[in-house]
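Inspection log for the structure reproduced underneath, given as structure tokens.
To keep things simple, chains are lettered A, B and C as they appear, and every chain counts its residues starting from 1.
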Amino acid sequence: MRTTVASEYSAEVHHVPIEHRFNPYSDNGGTVLGIAGEDFAVLAGDTRQVEGYSIHTRYQPKVFDVGDDIIMTANGFAADGVALIDRFRNQLKWYKFDHGGKKLNIKSAARYIQHLLYGKRFFPYYVHTIIAGLDEDGKGAVYSYDPVGSYEREQCRAGGAAASLIMPFLDNQVNFKNQYEPGTDGKKKKDLRYLKLEEVLELVRDAFSSATERHIYVGDGLELLIVTKEGVRTEYYPLKRD
Amino acid sequence: MSDPSSINGGSALAMVGKECIAIACDLRLGNQSLGLSNNFEKLFQFGDKTFLGLTGLATDVLTLSETFRFKNNLYELREERSIEPSTLANLVSSTLYEKRFGPYFVGPIVAGLNSKTNEPFICGFDSIGCIDFAKDFIVSGTASDQLYGMCESLYEPGLEPEDLFETISQALLNAVDRDALSGWGAVVYLVTKDKVTKRVLRTRQD
Amino acid sequence: MNHDPFHWGRPNQETYGTYNYNIAQASNQQHESQLDDFPKMHTQQPIITGTSVVSLKFKDGIIIAADNLGSYGSLLRFNNLERLIKVGDETVVGISGDISDLQQLERILAQLEIEEEIYDSDGGHKLRAPHVHEYLSKILYNRRSKMDPLWNAVIVGGFNEDGTPFLKYVDLLGVTYGSSTLATGFGSHLAVPLLRQLIPNDIDYTKVEEEDARKVLENCMRVLFYRDARAADKYSLVTIKSQTSESGSKQITFNHEKELKVENQSWKFAKDISGYGSKQL
């Protein structure tokens, strides 16, 4: 068989022809973050959408209020993210038609999304999915998924391009990991407590401005959705655009 | 993961404070996911107040640490004084660039105080010797993403020595806890104008 | 265990004999009638292509431009293609990429228009840009999911329900985004920076006059002609405006200009370029 030289730059020799095939995925960057409080939950995402080194738009929202006081994001390959969220919205609508407008609780929504994702196990939605809302007891809830539907309820989770930058910060500042009571010689861990909404918002903004500083796929704007018993509200903060 | 710089794992970090610097690293040595040693320090002292951190392929870490010990000994014999941090930085850079087309798979960092002025100095390098002069902090190793996230959010300029120690420790500990290839113990060196303090940190052992 | 994924969850061969493909709707064995057939072909690459589409919003509408060239690799195959398609009364679709797929989209959009007219006999609904964009994005995403994409990048321009300008993109992967300044292909590298100079923040389009928007767009077409080897200096331009008349009612005008030429070309810079051709330094 004819050998193919990939390019003059590399001397790599392939013994089979290089296969050139349509790639159905792309990476559209962005990063997202969810934190649950005692009686609220927030889900935040930056508003930049990229492909390669091009910034396609500086404002394309990717965190959505999908109804029944559930907020949702699917970060990674943008087209799959939109498709997944659209499918969930649609199913929620049919759930309401079929059950006399009954409210879908977040636990059931979470399980349903697992099935949406696993349904495409062999051609996955290339996204890191996070949903947030309030559970049956009115406590904040965040559920996060891998691309094929493994999921878990958590206190907080970062996803997307800068997840590796933000997640250890959250461990430290939300779950107080590696923090001890002063004067106990590292014998007593700092007690866990629920953070106030103002504290959480402060953490989210710090996390995103730090990620913006060091990650080229993150920036332009930060859009935050907050669920409380009053409903869903949105806040926006600018981020650096470089 | 046949990338040579992430076979053995390990991370290091340096920070500048007010008239002081701190440099820290984890203690893990592994073979891919298998942990081999929890006593593999990646920091090496040169003179009184200068440190070199070496992360990456363990064999290159050992080779280079010996190379620099040798070069430093010759330097001290010829100059009859200890090496300045900025001089060590240039020595590291030129030594790495000698192997431009067959590099050592390391991510070195240098931190120290100038012997006369006590001015803090830190810098980092890529594997072929490009120097990154930073004013605030330098990260390196398999947990570098996590370290960037931690440092960018915890660090502030002009910290007093004890506050700098707390900051660098929290940054390192929380970063390596999110990296499977780093951890298994950590050490921090705190360098002020008249003393060097070494502290071993208690960490998660998984 | 047999580690070949095709054998996961199937009866053990040693115990139960070879697997019977006729049970359990096993699909990975080809149907007998298909065995001799020529393999089903999917689009693997574009053939005849159109280059960038460039567009922006302004105070009372949108402007969009695309040249009339169809390239066959480096051959200038066609020189009078129209790549800006009117859909409904107040929507334009600008298409770059494969031309045969462009024509397929043209047919799909014509069909959409017909169906809209038939099923909306009382005129209670109006086919607007957001609907056209949503529809196109679903078509493109479904085709990419079949691994048989329509090889295009598309910009849809028009108005929202509330009368504000609408401008959104969708490509062969089904990736969508909106912005006040949009371009496909080479235009996203060469034209978008020029457009963003006029509209630095997305909302700033509200301060932009039509003349200024047009001037910048003409300049974009010039820059693209200079530096994009697959671009031509003959192009079409669509302006859609919403103006309030004296009586207070909104009037929408759709202006499709054809056979425009890139004006004020200057090739003075060419003499300073050296080192690429046969000329010795």
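As a convention for this text, contacts are C-beta pairs under 8 Å (C-beta built on N, C-alpha and C of every residue); 3 or more make two chains touch, one makes a residue touch a chain.
Since the model is a prediction, treat every value here as computed from it, not as a measurement.
Student: Take each protein chain as a node, join two nodes whenever their chains touch, and name the resulting shape: line, ring, star, complete or other.
Tutor: Contact pattern: an open line, chains touching in sequence.
Student: Based on Cα centres, what is the most central chain?
Tutor: A
Student: When the centre of a chain is set as the mean of its C-alpha atoms, what distance in Å lies between subunit A and subunit C?
Tutor: Distance between chain centres: 28 Å.
Student: Find the geometric centre of each of subunit A and subunit B from their Cα atoms only, then give the gap between the two centres in Å, rounded to an integer.
Tutor: 33
Student: Roughly how many whole angstrom separate the Cα centroids of subunit B and subunit C?
Tutor: Their C-alpha centroids are separated by 50 Å.
Student: If we count contacts the way the header does, which residues on subunit B are in touch with subunit A in the complex?
Tutor: So the residues of subunit B touching subunit A come out as 145-146, 148-150, 152-154, 170, 173-175, 177-178, 202.
Student: Going by the contact rule at the top, pick out the subunit C residues touching subunit A in the complex.
Tutor: Within the complex, subunit C touches subunit A at residues 42-45, 137, 141, 144-145, 147, 149, 169, 173-179, 188-189, 192, 201-202.
Student: Can you list the residues on subunit A that touch subunit B in the complex?
Tutor: 162, 164-169, 171-172, 177-179, 186, 206-207, 210-211, 213-214
Student: For subunit A, which residues count as touching subunit C in their complex?
Tutor: Subunit A residues touching subunit C: 20-22, 24-26, 28, 49, 51, 54, 56-60, 77-79, 82-83, 123.
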